[in-house]
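Both complexes below contain subunit A, partnered by subunit B and then by subunit C.
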Partner chain A sequence: MGSSGSHAEDRPPATPQTPQPLGLAGILPPKTEEKGDGKGATEKVDWLNLPCPVPFEEIQREALMSLKPELFEGLRFDFTKALNQRFALSHSVFMGSMEVPSQTSDVIKVPSAHYEFGANFLDPKLMLVGRVLTDGRLNARVKCDLTDNLTLKINAQLTNEPHFSQGMFNFDYKGKDYRTQFQIGNNAFYGANYIQSVSPHLSLGSEIFWLGHQRKSGIGFAARYNTDKMVATAQVASTGVLALSYVQKVSEKVSLASDFMYNHMTRDVTSSFGYDYILRQCRLRGKLDSNGVVAAFLEERLNMGVNMILSAEIDHAKKDYKFGFGMTVGE
Partner chain B sequence: MASKVSFKGKGKAAAKGADERSAAKCMKEWSTWAMKKAKVITHYGFIPLIIVIGMNSEPKPQLYQLLSPV
Partner chain C sequence: MSSSSSRRGSLPRSGEGEGVLARMSSSISQSPVVARGKAAAAEAGTVAKKLLRSTGKAAWIAGTTFLVLVVPLIIEMDREQQLNELEMQQSTLLGTPPSYAAAAPAK
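Our next item is the complex of A and B:
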């Protein structure tokens, strides 16, 4: 009896313990916490913390990227040489036909060739892009971050002919869940626009502009609804234009886009449907239009920094066939 | 006498109005002249400005890299 009693004292006291998890389970957080934040419950909307909307002029950016590639006719060769991480020079040669806008429905093409020299300076705070052509035209773009939220953008096309130059100053202010922009252009053009997030997926915006020399003014409204998989936008303006677009991201590599435009003044209705395949070595965009235009644009990566471009546009209604090829060397 | 004074007064007012109009015209002429000069300076100087800013940024590129195709 005595011996068993002493053994009992020698044994360490058995304290009630939860069994320690072994191995990986000990490192990962316990499962009960994960279930609480899981996807089963609908997420509560934090109305005071809405995301910042896209800038007003980029409201249709996905649709424009898919449906309006830079189609061209002829030969195009671009060479970009980076001297620095921020500074690059570019040389570009184009030989082909450029379309001249005509009043009749005929297509007037003018054969032209030009060489364009450009310089880019890209800094996080300051971006300067300049391009000059052989006929003396200068395209200049400046983007400067004056403060964290205020950005100044200048866009100018200067020509040697008098009265053909254009310039535009934009002041952008980015707020917590809104953006606003004020524009001043030549020919006494003044414009302002404002866009606001009203829900995590929906943002609404409006713009007004005033043309001094022609005493014209206009107002427009826009709405954009986007989720991870789709973007739908609608824009209506007092110039009589209504534009709707819808882009669906079918998978990581494929997007489909469609677009509808109605011009009340000219009673013009255009609708187009397009696809955008972003694959590892190439990017293929194609579109079909209600005006009878079928177009495709292929950018194929041949090697590191060497891209081949093929462009085709077939206008069955006007019997106008445009095919172009080119190469882009450098980033 | 009174008519003479009033005539002089009108003349002064007319002269003042002409002065203001010519001052506004002067401002407009000068601003147009300034815009024209600014346009010419931008046209010729924008690309050289980018090149100068780029050649002075870090890491400094060499001068021959401007012309060589490599």
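Our next item is the complex of A and C:
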């Protein structure tokens, strides 16, 4: 309509121009999926490229790491010497009380001490770990990558006492957005599990197992929802156990975790809350339980390669107090 | 008659059975109000003892829980802060600006 000179300015642009990405964003390929923060309608989810989920037994990994440190009572000393880039020997001494499970609610502690000698071989494709203890136990673990996606794991524990040895073979297959595992153990134990990503944040899985000698079988389901800042998991099994957990990453160094477990057979309900502080010089984990148990676990780096460990557990209900001290030397 | 009240004796007067004072004090000390008051005081005593014991237990539980859960945290956070201050001091001494100070104005 107007003069041809102003025609171009009068016409509004057909599509809004997106600004040129700056710096590194211009070099990297554009993201096909974005981790939404509640405004999921604007982000596009690439349903064919979902991430691979964590293995089924590690579904509650964050909660277990924060809430269940290896508390001990007594003295613990570990020394690891790397002879090679791949091979390392370890010596470990433990002196203290070990708790013997008792039928009554009394706590029976037996003082015991042992020395453990171990060897580790670590290859990108093969991992061998062996430990021998002075009380006659032998632990062995093998992890072998047969192909890119298939992994074989062997776990064995041999003891002096008859009928107490156990061994387990696991075959893991990792697919594009699923994982599956098949287990064979002694005592005619067969198990299988499967976990699949159904969305960028949610993965669902299930497992079945069959115990030959006792003719018991069970099935279980699990779900895991995780974002950058939190992980929520739920697990139900036909053995009557329900386990829920929630871990929130409050900042780079701090995360809080909580856990709920209900056992239908024994009508046992347990809930626990904990914090996990990962600072530069130390890692401090504290936990408060609904059974009246308060526990703390501190690993402090004194020097390059020297770590000091302090463990404390107070059971107010049973009036049981366990304190431990340890050192870990070696890279 | 008026002299009987001035006498603080506890001897009962044979003439009138018990004296006026003794009758008054016994009527007061055996009245239902006093009996109930005594029972209440005894109960209050047991309740106070139980309260003291349970407060003591609660204080013990709270104190030991605080000692195990909170005190290591305070100590470690204090050390972390000292380490941060030391690093900042060293970085200003050596002349290298800390990385977050360069990124902060760019935001």
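Quick notes on this structure:
Definition applied: the second predicted complex is superposed on the first by the 290 of 331 C-alpha atoms of A that agree within 3 Å, B and C clash if a C-alpha of one lies under 4 Å from a C-alpha of the other, contacts with A are read in each partner's own complex, and residues count from 1 in each chain.
The working rule: a contact is a pair of C-beta atoms (placed from the backbone, for glycine too) under 8 Å apart; a residue touches a chain by one contact, two chains touch by 3 or more.
Note that this is a predicted model, so its numbers are computed, not measured.
If you put the two complexes together on subunit A, you find that subunit B and subunit C both fit without a clash.
Shared-chain residue A:316: touches subunit C; no touch with subunit B. Of the two partner chains, neither subunit B nor subunit C is touched by A:45.
Of the two partner chains placed around the shared chain by superposition, subunit B is the only one that A:86 touches, whereas subunit C remains out of contact.
By the document's definition of touching, neither partner reaches A:254: not subunit B, not subunit C. A count of residues in subunit A touched by subunit B and by subunit C gives the higher number to B. Of all Cα pairs linking subunit B with subunit C in the superposition, the shortest spans 31 Å.
Residues common to the contacts of subunit A with subunit B and with subunit C across the two structures: none. Subunit A contributes residues 79, 81, 83-87, 89, 117-121, 123, 128-130, 132, 136, 138, 140, 156, 158, 160, 165 to its touches with subunit B in the complex.
Subunit B contributes residues 39, 42-43, 46-47, 49-51, 53-55, 57, 59, 61, 65-66, 69 to its touches with subunit A in the complex. Taken in their complex, subunit C has these residues touching subunit A: 61, 64-65, 68-69, 72-73, 76-77, 79-80, 83.
Taken in their complex, subunit A has these residues touching subunit C: 275, 277, 279-282, 284, 286, 288, 294-296, 298, 300, 310, 312, 314, 316.
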